[in-house]
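Think of it as A, B, C and D in the order they're written, each chain with its own count starting at 1.
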Amino acid sequence: MNEKAERLQRIQVTALDEILGETLPVLDDGFVRVIDYMGNDGAVVQAARVSYGAGTKQVSDDRSLIRYLLRNRHTTPFEMCELKLHVRVPMDAWRQWIRHRTASVNETSTRYSIAIDAAQRTPPASWRFQAASNRQGSEGRLDAAAGAELTQQERELQQHARTVYQERLERGVAREQARKDLPLCTYTEAYWKMDLHNLLHFLALRMDSHAQQEIRAYATLIGEQIVARWVPLTWEAFDDYRLGAVGLSRLETAIAAALGGGDRQKALTIARDAGWLKHGKNGLLRNRERDETEAKLTRLNLAIPWRSEPDV
Amino acid sequence: MNEKAERLQRIQVTALDEILGETLPVLDDGFVRVIDYMGNDGAVVQAARVSYGAGTKQVSDDRSLIRYLLRNRHTTPFEMCELKLHVRVPMDAWRQWIRHRTASVNETSTRYSIAIDAAQRTPPASWRFQAASNRQGSEGRLDAAAGAELTQQERELQQHARTVYQERLERGVAREQARKDLPLCTYTEAYWKMDLHNLLHFLALRMDSHAQQEIRAYATLIGEQIVARWVPLTWEAFDDYRLGAVGLSRLETAIAAALGGGDRQKALTIARDAGWLKHGKNGLLRNRERDETEAKLTRLNLAIPWRSEPDV
Amino acid sequence: MNEKAERLQRIQVTALDEILGETLPVLDDGFVRVIDYMGNDGAVVQAARVSYGAGTKQVSDDRSLIRYLLRNRHTTPFEMCELKLHVRVPMDAWRQWIRHRTASVNETSTRYSIAIDAAQRTPPASWRFQAASNRQGSEGRLDAAAGAELTQQERELQQHARTVYQERLERGVAREQARKDLPLCTYTEAYWKMDLHNLLHFLALRMDSHAQQEIRAYATLIGEQIVARWVPLTWEAFDDYRLGAVGLSRLETAIAAALGGGDRQKALTIARDAGWLKHGKNGLLRNRERDETEAKLTRLNLAIPWRSEPDV
Amino acid sequence: MNEKAERLQRIQVTALDEILGETLPVLDDGFVRVIDYMGNDGAVVQAARVSYGAGTKQVSDDRSLIRYLLRNRHTTPFEMCELKLHVRVPMDAWRQWIRHRTASVNETSTRYSIAIDAAQRTPPASWRFQAASNRQGSEGRLDAAAGAELTQQERELQQHARTVYQERLERGVAREQARKDLPLCTYTEAYWKMDLHNLLHFLALRMDSHAQQEIRAYATLIGEQIVARWVPLTWEAFDDYRLGAVGLSRLETAIAAALGGGDRQKALTIARDAGWLKHGKNGLLRNRERDETEAKLTRLNLAIPWRSEPDV
């Protein structure tokens, strides 16, 4: 390897250095700050080339190589980059965040220190309805009057909880016990460090429309304002191959191929054999897998065979 | 390997089968249940013997081999055993628990389901003072009158929080948002699975006297009532080599060796060179490392050289 | 949770118990044996239901739920199952195998024991040519005469290496040093344990047509003969959603949608804007990403727009 | 946290920058090169202070805090630092190295590239005898005449293996298959990245006197020439609390305490109750645990009670 002779310089990313340490606000009182990083797009390429050999250089420019790696899930070169953030997050969003086990984390301890005197607040216009279609999500907003009442209640409850916490501390109760009735949405802070491969996985899950809005706000900021600056070629490939990707199962591929070849009957047969076309009194029985397939066929501009004519 | 010819039977541990699925209570409303396990002491031994070769059998019985492995931190054979628990834990203890990243976890989602209607309650006699000696811990109890007031306050706050949660749900607020002001000590449930090596590490940290009392109650139960039944030889070795162990640093070893050889002056010189014997107006300056050394010397029945005579 | 009252039985999988400990041969002298397991399809479902709540039961049977989980990459419930194998593998295939870092492993140590007296041998008809299209793979076979010569050379080299190893041992050389010139394809043995989620990831990579033939033989056996018996619903879903899946990038989705809607010009414009249609002297310049897209379009029965007419 | 207002600079370690990219030789043809790093001693301290709160600053200087963290196995702050190396290592040492699963690795692929034309060679004076006391290790050297013969044999075998490899390639055999009979000690290269906590664990195991000499040479260089420059306070604490530490089991502590208090009979009773003092025809039966205890008592200058007088 001919790097041996060269005098190495550490990799610097000017675009990221410009926002180093800057407080990027999220939610009403949260933030994300970049503390440090290691590597860049070039470090991904360098690691891939040590694996695949010098010949790689001739056939691929950096951008093509990064796209190739991401497309084919050659993930280890992306592990060569690290990002270290300082974040301030409501504990109930943090409970989701911390499930990503590949991170290194140091969180403020409320055994050692008094809990941060801030809990996430909800403006009157931001109360969300339970989603009807989706058991985990939310959709739409409550009206202004209801929202105002809920916001008032929220303020009173948060004040009540804080008063009790303070009184416990004043009476000498241990911090580790005094905190027990603080609201779940009390803010916490942490240093959080992750490699780029695992960070992209985190972003794919947490920028997704099924993720809870609060953590999605953090993930979107980290992706669009930080990762996009840090590793622009990887970010572009990630956007194309993960965020914008469509995955077809074996069955879906067969249906799409039948439709692509103009054979609607064959597509229907495949769906029928899979048990997707059972009827109840009110038409087709509900089938979550078929619903997802319909969305994909629509995205591919293919007519849904069992919808295109009433009498399947 | 001569097992090839034998008809394999799955490993069963009768002593653990007897409590399979049983609800072992912890705190006021928590529990631990054993759901399944893989392996036993014999599986540890079997894995060690594939590594070290058949000859191991001649020189070591199972107990000696397990002690040897644990003593010398040959940890991989202990990974061959798995324990799967169903637990019910206050979320603030769970926040500590979940930091152990080597577990597999499925926790009840309060996005999908309504939060468990139980928060940990504190009896009047159980309010603990902040530790003076230790910034993170607790020591002693508040008196009965103060405890009764705090318990009454706790009940009111928990009722307030629950009422607000219920009202949000009744107005149609999404579960993922309604939960945000629930108390940190609201109970949650999870399936939690870990291999024996990582479980012992969890127990060493969480059974320790510095661990918070709540999680210590869970860890102690898991260790003494579950692991001790499941892998008795490993548990015995763990008790001897981890729970009951004393670790001496290079410096402490040198001081203890000087004292062991009867050379108190040498011990003092070593401590002085390490900067441990600086005086302020009120005697020796505070030094946390020296404090820990003193405790170890005392445990070894060695006189603390800088304490044994007033004029060091 | 209503399991509390039930008397728990450990999960047993009769179809897997039938082959427990059996030596399933691979390559000329390798094998895979199932030593133990934890969980089954039901354990995946049980873990998912603790997360998503009891309501899940009403809307999904086990098969639909497992398909849903796999399709949407809800991976944690699959971690609740474990498989423990005893394998005998050439060290050069093992070098690829061991890269999967989520396994627990105990490998025979050639520091403690004498190396296994077997190296993988190649029959005359099994020498493979270097792939032309693919820098890492192989394709086609050498002719019989050349194969016979190579096999004879292989035997002599392996004998030479073994003779040197034996002589070193006889002279008293340490086993850890004597082994240093053994062939890479010398067999080794190990206990290898992994959870089902990570096992599926291993299988997806190592059953793939790009994986080296030797490790593919092991992976295929583990998948088709072991996992398929152990967790048949998961295996079926895995086959549909991973092995048989097609992933389309944002760009590919746009091209397929243009073609699906009958707009070949739009598809060409998209490809041209992406830089895929640059010409050299001999037609379209080589472009690996476009090649992969062509294969996918063909699989979907869509005409490749830049191939369908000569003058793009 | 008052860093918010400051303009952050990336952490630089001048002492490490001085050797960045430099080829540090190991063995006859191996090397280690520092490619990049993240963090320093200050980053460890910073992470600890976010956990334990600002108050930490008043009671502890950086050195004391790092010593405290290492002593009490507060490991997460050390994860905030990363080191990335480029290494060239014989594959049989690499087989041990790669067992550390917490690293990120990109190794040269001999499927893509022709194998490095170098295998580790042994000078005549470097052939080691199998250890008598220890089933895995080596001790002493073979005499010059025997060594010269073995070195000559080694050269012939390595040439034979290389010739066969070359011929296979010339006949068009796939690289992935041609390599199968290369010697285990053929050199490979890799990028290898690890956080400081896991790196210290690697060093503790691989700098140990029980580690094989070849990997110990790499570990010692990484520790003494790289880590010592990069994080000098951590290195000093590691040397004191890990490399130089003595761990006493519960039993050993009891024996040492009896001896510390001058009660030899009590020490004997404890040992006898533990089954350590059984006699055979030739005196005390062999007992590995007792042997290790003897070594520790000697290090503490305590007379071994069952050795100090002939008739126990």
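Convention: a contact is a pair of C-beta atoms (placed from the backbone, for glycine too) under 8 Å apart; a residue touches a chain by one contact, two chains touch by 3 or more.
Computed from a predicted structure; not experimentally measured.
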item: Chain of greatest Cα-centre distance to subunit C; value: B
item: Interface residue overlap between copies subunit A and subunit C, same or different (over half shared); value: same
item: Interchain centroid distance [CA atoms averaged], subunit B/subunit C, Å; value: 38
item: Euclidean distance of C-alpha centroids - subunit B vs subunit D, Å; value: 27
item: Two or more partner chains touched - positions in subunit D; value: 52-53, 55, 105, 109, 112, 135-136
item: Touch-based graph of the chains, sorted into line, ring, star, complete or other; value: complete
item: Subunit D residues touching subunit B - in the complex, by the definition given at the top; value: 52-53, 55, 59-60, 64, 67-68, 71, 73, 135-136, 205, 239-241, 243-251, 253, 256-261, 288-289, 292, 299-302
item: Complex contacts: residues of subunit D adjacent to subunit A; value: 1, 3-4, 6-12, 17, 20-21, 23, 33-39, 43, 46-48, 50-56, 76-77, 79-80, 82, 84, 86, 104-109, 112-113, 189-191, 193, 195
item: Subunit C - residues contacting subunit D, complex; value: 90-92, 95, 98-99, 101-102, 105, 109, 111-112, 119-120, 122, 127-131, 135-139, 142, 146, 150, 153-154, 157-158, 160-161, 164, 167-168, 171-177, 179-186, 212
